[in-house]
Structure formats: C-alpha cells, structure tokens
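To start, I am sharing the structure in question, which I have written as structure tokens.
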C-alpha cells in the first residue's frame, strides 16, 4: 500500500487525487507554484510544498525539482494526474529510477502509445481495428492499388505535410485518379515530397472512448464507454456515459478491443482507449491516453468504481477491488470554463466574487476553485466539472439543466449559459452528438437565447442595485442578529 | 402527469421536492411563513406564497389556508414531505375532496397505519411478524397462560398506563408469577386498572427499515433496507444502507414482509416499514411511515432510484420507472443538526456566517440553508443532510470522514465534530450499531476528543485574528484585482 | 489578550513576527487567508468574528473564543439562571422564597419544538422570578435568581 | 442612470417605490436579498459590483452592466485595439504606416496557454504600435491604433 504520494498537478484534478489519498489513508503531498499559493488543492493536502521558479517549465513541468521534493519529503510515490508530466515516459522512468512508485503505466507503455505510428502498428498486430489507411511511396499506381482496401470516402494527405496542403477528399472511385494526381502535385510543390497517405474519411463520426483498468495480477477489465463528441476548439465540453450509439454487443466488442489494446502494451493502472465510431457502427482505434482522464467521473457514476482509488490500489501492488461491469443509469459531465462562449470561447479572467454551486440529489462537483478565488491567465481555463447522475439519459439532462440553473458565478465570464442551452438542444436531447456539432449548430458562433424581457430586467436590477448600493455589507458584518455569548449556557445544566 | 404541485413543507425536504419538480417539468409552488421569507426553498420554487399567521398551527399546519392557496394558484396536487401534515389522513381526504391529487397513500392507509393497535392487527392478519405480545384482562392465570407463547425475556406493561409504572422485565419463567403480581398491583394503584400487556422484550436490537414503492397498477416493490440504529434523544443521526446485519436471505424475507404490509392497506407511493431486528435475526414489525422519510437518500444512492420523482410519477398516474432491485455499494447519511453535542445535544441557534460544504466524488448535500442564513429557534434544528456513497462500507466511512473534515460551519454550533468521531468509532466501524449505542458509549455525555495542541492552537489563532482584525473585508470589496471593462473586448474580433 | 472559552478564561503568550504569530512550535500566518503551521505542515484555518466571539475551524474542530476587554466586568453572574436560547416559558415550577436543591427543575421552556427544563445549578432560595407562563424570552435573558 | 452593455449604452426609466423598482410590469425588490417579480412570480436574483460593473444573475443568465458616470467620457475609443486579457505579445505582424484591411491579423498574444490573434476591426492604416514581441500586457491595454 502507498504511504505518501506526491501529486504532481494542480487545480481540480489535484483536489480529486488528494481527496482519494485522504480517504485511502495515504498522506497527500501537493506541490504548487507561487501563484497557486493558498488555492483549494494546497488546502486539501497533508503537506504543501512551494515550487521555486516561474512559468510552467520551471514549476509544474520541472522534473528535477519535483523529484527532489518527493525524495526530500519522504514520498514513496508520484501521481501525475492528467496533462503536465502525465504522459512523459522519461519522467515515469526517472521516478522509478529514484526508487519511487509511478502511479501509472510503465514508461514503455507510455512510449508505445505516445507515438502515433508505433501505436498504430502495435494495435494492428493486436487485432484492434485502426482507421484503414496506407502510406504510399510508389506513385499514382500504388494509390490506385491500395484505395479499394481503404474504402470510400477516403482522404489523401501529404505524408510530409500538414495544414491542409496536399489534402483531398475523394468520395467516388471515378474521381480518385485526378484527385490523387492533384494531391501529389500540391504535396510536391509545398513540401518537395510527393508521397501521400491514403486514409478512410470518417464523416459524422462520434468520439467514443473506453475506460480500462489493469492490475499487476493479470486482470484487465473495461468499464464501459464515454461519449465525448461535443467539443469546441477541439476541447471537450460535454461528456456522457453510456453512449446512445452503443448497444450491448458493440460495447462488448469495443470493450474487448480496448482490453486487447491495453494487454498489447502490458498496461497497468487506469487508461482510456479512444475510438471513432462511424454512423454504421464501425469503430477504429484513435489513440490511448495512458493516464486518468478529465471526464473519468461519468464512468465512476455509472459503474460505481472509484477510478482514482483503484489507481492508488494498483500502484501499491494490490488487486483492483471492483467486480464485473455493472453499469447503471446515465451520467453527464460538463466542463465549467472561464471563457466567453459568445465570443468564440475566448478565455476570460476575473475574481470569483460569487461562486454558488448547485447541490442536491445526483449532483457532483469536482472543483479547483471556490468563492473569492482569482482566475488568472496563467493556467488552463477549466475551473470545475459538474457531473450529474440519473436513472435515465432524459432525467440526467433534466437534472443537469436544473443544476446549471442553480449555478451562480459572478466576477468571471463562464460558459454556464452555453452548457445550459446544450441540455435543451434538440440534437443533444436526441443524442445526435457528433464532433462537429457545435460548428454545425452555430456556424457563425453561439450567442445566448435571451428574451428582451431578461435584458430589460437585468437593466432594472442594475439600476436598483446601483441606486441602493446593494450588497456593500453582505456577510461582512454579521451584526444583524444579536447573539448572546455561547458560553452563558455551557455552565448551566439542562438534563 | 402532474402539472403544478404545492409543497406543503419547508427546509431541506421542500428543497428536495422542489428540485424534483423542476427536473420533472412540474411547476413547484412553495408556501412559507413570514419568518421563512427568502430562504433557499422559496428560491427553488416557481411560485412562493407567504402564509399569513404565526406559529406552526397558523402556518405549516393550517390545512384550510394551505388548501386555499393550492386552489387559488391552480395547483393540481399537494406533496406534504415529512412531518407537518404528511401523516394527517384528514388533510389527505380534504385535498382529495377539493379535487386535487394527494402525493401519498390513501387516507385509509394512513389511518390504518397511524393507529398502533389497528396496524398491529392488520399486520398479524397479513402474516407480517409483530412483536409477540398479548393483552391480558383475566388476571394472573391468563398471564401465566400466555407467557410461553410470547417467549422470554418478556415485558409486562400496564395496559392503561405509561411512564414506567406497572412495567416489569421478566427474564426467567420462575420469576414470572411474582413479577406479574407486582406489576398488576402497581397498575391498579397507579391507574385503577390492573390489566397488563405481555410483550417480548427485545434487547440489543437494531432499527432496520425497508423502503417500499407501490403504483396504481398493482406493482409493489421493496428497495432494500436502511439501518437507522444510531440515535440520540430518540432522533436518528446516522443512517446507512445496506445494513451489516442483513444477508440476502433476510433482506428478501424482510422485503417480502414489507411488501405484504403495504399490500394489506392497498398502499400507493413511497413508504417505509420499520422493523426491530434481534441479534438472532428475528424481525418484528414496528410501524409503517406513510410518507417519504428523512433518510431516503441512502436508498437512492444504493439502488439508483429517484424516490421523490417516483412519488410524483405514481401520484400522476404513471407506472413507476424503476426495474428490479439492484443494490450497489454502500451509502451513509448523517444529519447536520444545529445543536451542541457536548451539552446533551441541546439545540443551538445563530447566523451561518460561514457555511462551506464538502464537494467531490461520492458526496451529496441535501441542505435547507446556505451561508448567511439565520438559524432560529422557530423550527426543527436539522439544517442539512450529508450523504456519501462508496463501493464498500469501509470506503464510505472513510469518505464521510473526509467530507466532514472539509465541512466548515461558523456562527452556529453544530454536531459536525460528533459525526466525525462516529466515523472512526470502533463500534461504528465494526457495524455494532444498536439503538442504545450513544448511551452505551457515552453514558455521561459526549465531549470532543481534542488534544491540548488543538486547544492552544485555537487560542493562538484567536489571538492572531483579534490582533490583525482578520477578515473584516473578506469578499466585501473585491477591489484587489483591477478588472478592465469586460465590454472592451466584445466589439473586437478574435477569430 | 484574554479570551473566555468553555474551559474558563484563557490567555496565550504569543510571539508576533510581522503577520505571523508563534507559540510553542505552532505558527499562525494571517493575511487574506489564515494558515497554521505545525512541524512544517501547513493547515488551512477558517475564522470569523461574530459579536465578541471568534469562531475558529481548525483541523476538523470548531472552537469559540470570546474576547474579554481589559478591565471589563463579566456579566455572567453565577446566581442568575439565563435562557439558553430564545423561546417561550411553558411552566414555572417554583415560587419566590421557595428552597430548592441543585438539580431541581425550576422552569420549563419551549424552543426548537422541544421542551427544556431550567434546573438549579446549586442549592438555594428563589429570590426573583422574571417571567411567567406564556412569556417569550430572548436568549441570555435572566429567568430567575437564586440566593445561596 | 446609464449603463454600458454588450448592446451599447442603455438606460431604463424605472419607477422607485421605497426599496422596490418597477418597469413595465417587472418589479425588483432590494434589501438583504434581491428578488424580481414578474406576473406575480418571485425569482431570486444575485448581483454584485466589481469595479464599475454590476454582475447580475437572473433566471439562469449572467449579465454585466457598466456604470457610466454622468458627464464622463467613455474611454473606449473605437480606433484603439485593446488587449482582451493579460498576456504576452508573441508576434507583431504589422508596421507603422502599413495599410491593413478588416479581419487582418495585427498581433499574436499568448494568454491562458493559448494563442490569440489581434485582428483589425476595420480597414485603415496602422498609426501607433505600443508593444513589441515579448512584452507583457495588462488586460484592456491599448496595443495599437488604426486611423480610418
């Protein structure tokens, strides 16, 4: 069992891990940059150590400093969370070389999954379906030769390039030759290299990922799927489990593929295998995230497995404690970002002068901030995750809507209203959530649906507040109730 | 389906029901006394109506006024919550006579279960085990005759009396005659009536209750048990599901008995059948609560059924939506009381100048208050319920401990510390929770286990705060970050 | 600086170093946020003042410290029996001049939907009764007084 | 009373009745708590002032209203391009005197771990450039100005 774990992260995921440590009886050590001093995660730690230096490279990405702190403070293990150093095989190796336990898979597994080409080859060998595609370096004849096995529609991409140059979508076989020639010409002009890569074009696909857990005793299981198709600026905002696109059969097939992927790299701990699922129910390996995932709570709510605690257990050499897959009901997570959704989701900053989170049945808040905290431009704008569980998808959407209506954040612009409208959006309600959904629904950008009544009411409220100097003494005096000394009663007897 | 429901209650249960209404698309109407104006539950309602009058009888217990408000505001139904009018058959009848839907069982069911003797007879007929006992009016010979069928140890109670007069515990058959004569003598002297009631004496028993649901289509199911043995001043403080005292077989037997009890009175909606369970695994009907219960969340967390929403569904004439019993993991609820546990649990009052509730995985808060609210002597001192779920009982206790450590309430004395110590108490950890546990563990009253270090530290903190005038401007200014006009960016384009 | 606590009057001899206060290895850092340091470990502290009382939450404990101004006389007079909370007098069980013994019930109050007995803390004679049945009383009000 | 909003300057003609403010059937009750009444239904409102801006949460919407003092001149000059948030200038893509067209990128800033282009809102000529690559800028700082 682990005894003292350094959490090499910040914000809400550091809070999540430190709480799991506290519950497991493991001492949690937080590290924090100077500008994170006094934040919630440092408060939840048993020991909080300030990092020297400024900027990410000198602080949260500073492998040497973090390792030194771990050793100086008698830690036996390091949990990297997500982002930062979580998928750095060299750091995992350094941690192990220092005699500490790395809460995650082996450096080899990280490396194999971290390189897209290696991962693709490894997966093909393991029998996991990958997006059909072939590298072509033998000219136009070879393109024509491999195309039938790739299938239509297909995408021609310059092997050497990027940025759309040399990229051509081909929907019908008769267009292939002319398009391939054009693509190769473009590629040659742009990169001096006319090799192209032929890949199946997957339109209207869903991003669906499978959670896996593997312990040191050869047990590798999957915990069902998460659908994370709703994205803006390529970042997920709305995640759910189960996915409306999966039936039991497809879930089992994808779960088996995910376990095969994990076994292929001798995976240990918690990991996520991402797939693209086409409208016809074909699924293809995208990549494996060799760490805990932002959206892990939806799996926890649906399966009843505490993923972070299982990570700590597995790293400590114990068997995972969970039994067979038992999915129940429906969970949704939304990510609360400090950003202005009406302004192309541009990040926002400010002080959280009011931060009133919803409570009640089926509501879970994983937050890195609390009222009074400042949101600065130094870090990721994700402030918190709001997760709901309900017996059915419909009830979960209704519950999320209710919870978001209760959520008050003043002092920093957030995407609460955008998330709230998602809950009622017909495409979301129908489960027609594809990765291009936000662009599809709001091609010219989103703006809130707001009646003139609300706009006028807001103006009236501002007028009333300004006229009466509202809230100037909120909470700060507490003198409006006369409270007798609480000690006057302590020496009395009231049997 | 219901369209507009009046919630005839206040505090956290009114919040719970109003949130369920919101989620179900039902308009929620709150009623509140003048001194509950602006409280959380009025905020969560679609419409909040102030009751005229003062004191409970003129407000929350005022059947006529409540009915009038329901009719005037176009409500089609009334949800009584618990306490107040929830078990008043005459009110249920009046609601139905006014053409409204009563969210609860029929007045006949309430009446039959409300009278202890009628309930006992009804249950015996339905084959539900009741505490063995016989009323005796034929003198000492009849006592001797019925005693063997009641069993030992037994309790002799004056039929006409109360307050311990004429009460005698008999542990062995040879003591029966002399004790019975003494009891009858005492009864005659005290009440002028020497009839006694002979009942089995159940020592070291647990209070275990079964949740049932029944719809209008003949389906009656049970949702497993709740153990509510930990009580102080005969009020529950710590409730959990499942109970360590039940195995699958006993659960099924008790569940079947509870369903039989419900069917015997043609029960509709959510109800709870309370049993005493002896150390040897015998169980006996105590009473049926014909309403939603304070501790219903632990069943919700373990079974995944939204009990309040099912109540609304059933009352609206729909079938209940839940499937077969599917219990998972372990849930614990603690009741946050405004009281001083170190002073015989005497109620406390004050203003909640700080009220910082725990968040994170597996934590649910059902609260009737928020920061800044005043706790007055006008109502029940229960402020909130903190519920946790975890895969196992041990993990649930650890999680509850963690959550209570994070819970900060300043301005009103609460039982948080008492609840926190319960989580580590060996008897609680071992599951040795009997109804007399608190008296057994703390016969001379509870006081916090606190090191001298903490007491000194507190004094140092108070000294530091008083010296520096700490917190005088907390939140109230917000001027320490210079924030540029948020509109300066709105007219710019950032593609 | 002297405080009244449930243990009686207490005072601590703290060393101040800027915004930090130190006593026997315990350091309290004041500022926007309050932190306590013991053995190099920092712990978040929450404190707020209500009336004359500092409410302190530290390491899971909630403590109260009433500020005593230098030279002020305590108003807590042992011979008076104060209302533990606001409520209504349900019954007065004694009369002026009556001899009572420690533990004897003197009055019954109703508050928080519950009844509470007001009990003599020592033997004595009832000197004054300030309220009658049905009266509303404020928290801390002197209900009656006993002579020793 | 005039406010600046995302729709420009706005003003409302409210009737005040004690602590209540009324406009076209909407009533706002001020006091310890804020409530709004529409068609006889009360809704909780949360509002707080930060700097000159009132942040208002009403019926699930979060709105902002900047107080404009009577007679004050707006500092928001359309010909200036202001930093949308604090950050660092990564690149300056134009020179003084250069003719640019609406939509053309002028500078690249880094903030919140992301790059943001500062884009011309209208056609014009670059008049002044206030920052160079590597400079830290505060939110609202004028980065450069264009003549029409």
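For reference, chains read A, B, C and D in written order, and residue numbers begin at 1 within each chain.
The criterion applied here is as follows: a residue touches a chain if its C-beta (ideal position, glycine included) is under 8 Å from a C-beta of that chain, and two chains touch if they have at least 3 such contacts.
Quick caveat, the model's predicted, so the values are computed rather than measured.
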Every chain in contact with both subunit A and subunit B is listed here as C, D
Between the Cα centroids of subunit A and subunit C the separation in whole angstrom comes to 50
Whole-Å distance, C-alpha centre of subunit C to that of subunit D, is 51
Taking each chain's centre as the mean of its CA atoms, subunit B sits from subunit C at a distance in Å of 30
Going by residue number, subunit D touches two or more other chains at 5-6, 32, 48-50, 84-85, 116, 139
Going by residue number, subunit A touches two or more other chains at 342, 346, 348-351, 353, 356, 405, 411, 413, 474, 478, 480, 483, 486, 489-490, 494-495
So the complete set of touching chain pairs is A-B, A-C, A-D, B-C, B-D
The answer for subunit C against subunit A in the complex is residues 4-6, 32-33, 35, 40-42, 44, 48-53, 64, 66, 76, 78, 81-82, 84-85, 103, 116-119, 121, 138-140
Per the touch rule, the subunit A residues reaching subunit C in their complex are 38, 42-43, 46-48, 478-479, 482-495
The residues of subunit A that touch subunit D in their complex are 342, 346-351, 353-354, 356, 376-377, 379-381, 404-405, 408-411, 413-414, 416-417, 420, 448, 450, 453-468, 470-471, 474, 480
The answer for subunit C against subunit B in the complex is residues 1, 3, 5-7, 10-12, 14, 16, 19, 21, 23-24, 26, 28, 30, 34, 36, 38, 45-50, 54-65, 67, 84-87, 111-114, 116, 139
Residue set of subunit B touching subunit A in the complex reads 15-16, 19-20, 22-25, 44, 297, 300, 304-306, 308-309, 321-322, 326, 328-329, 340, 343-344, 346, 348-351, 353, 356-357, 359-367, 370-372, 374, 390-392, 395, 398-399, 401-402, 405-406, 411, 413, 472-476, 478, 480-481, 483, 486, 489-490, 494-495
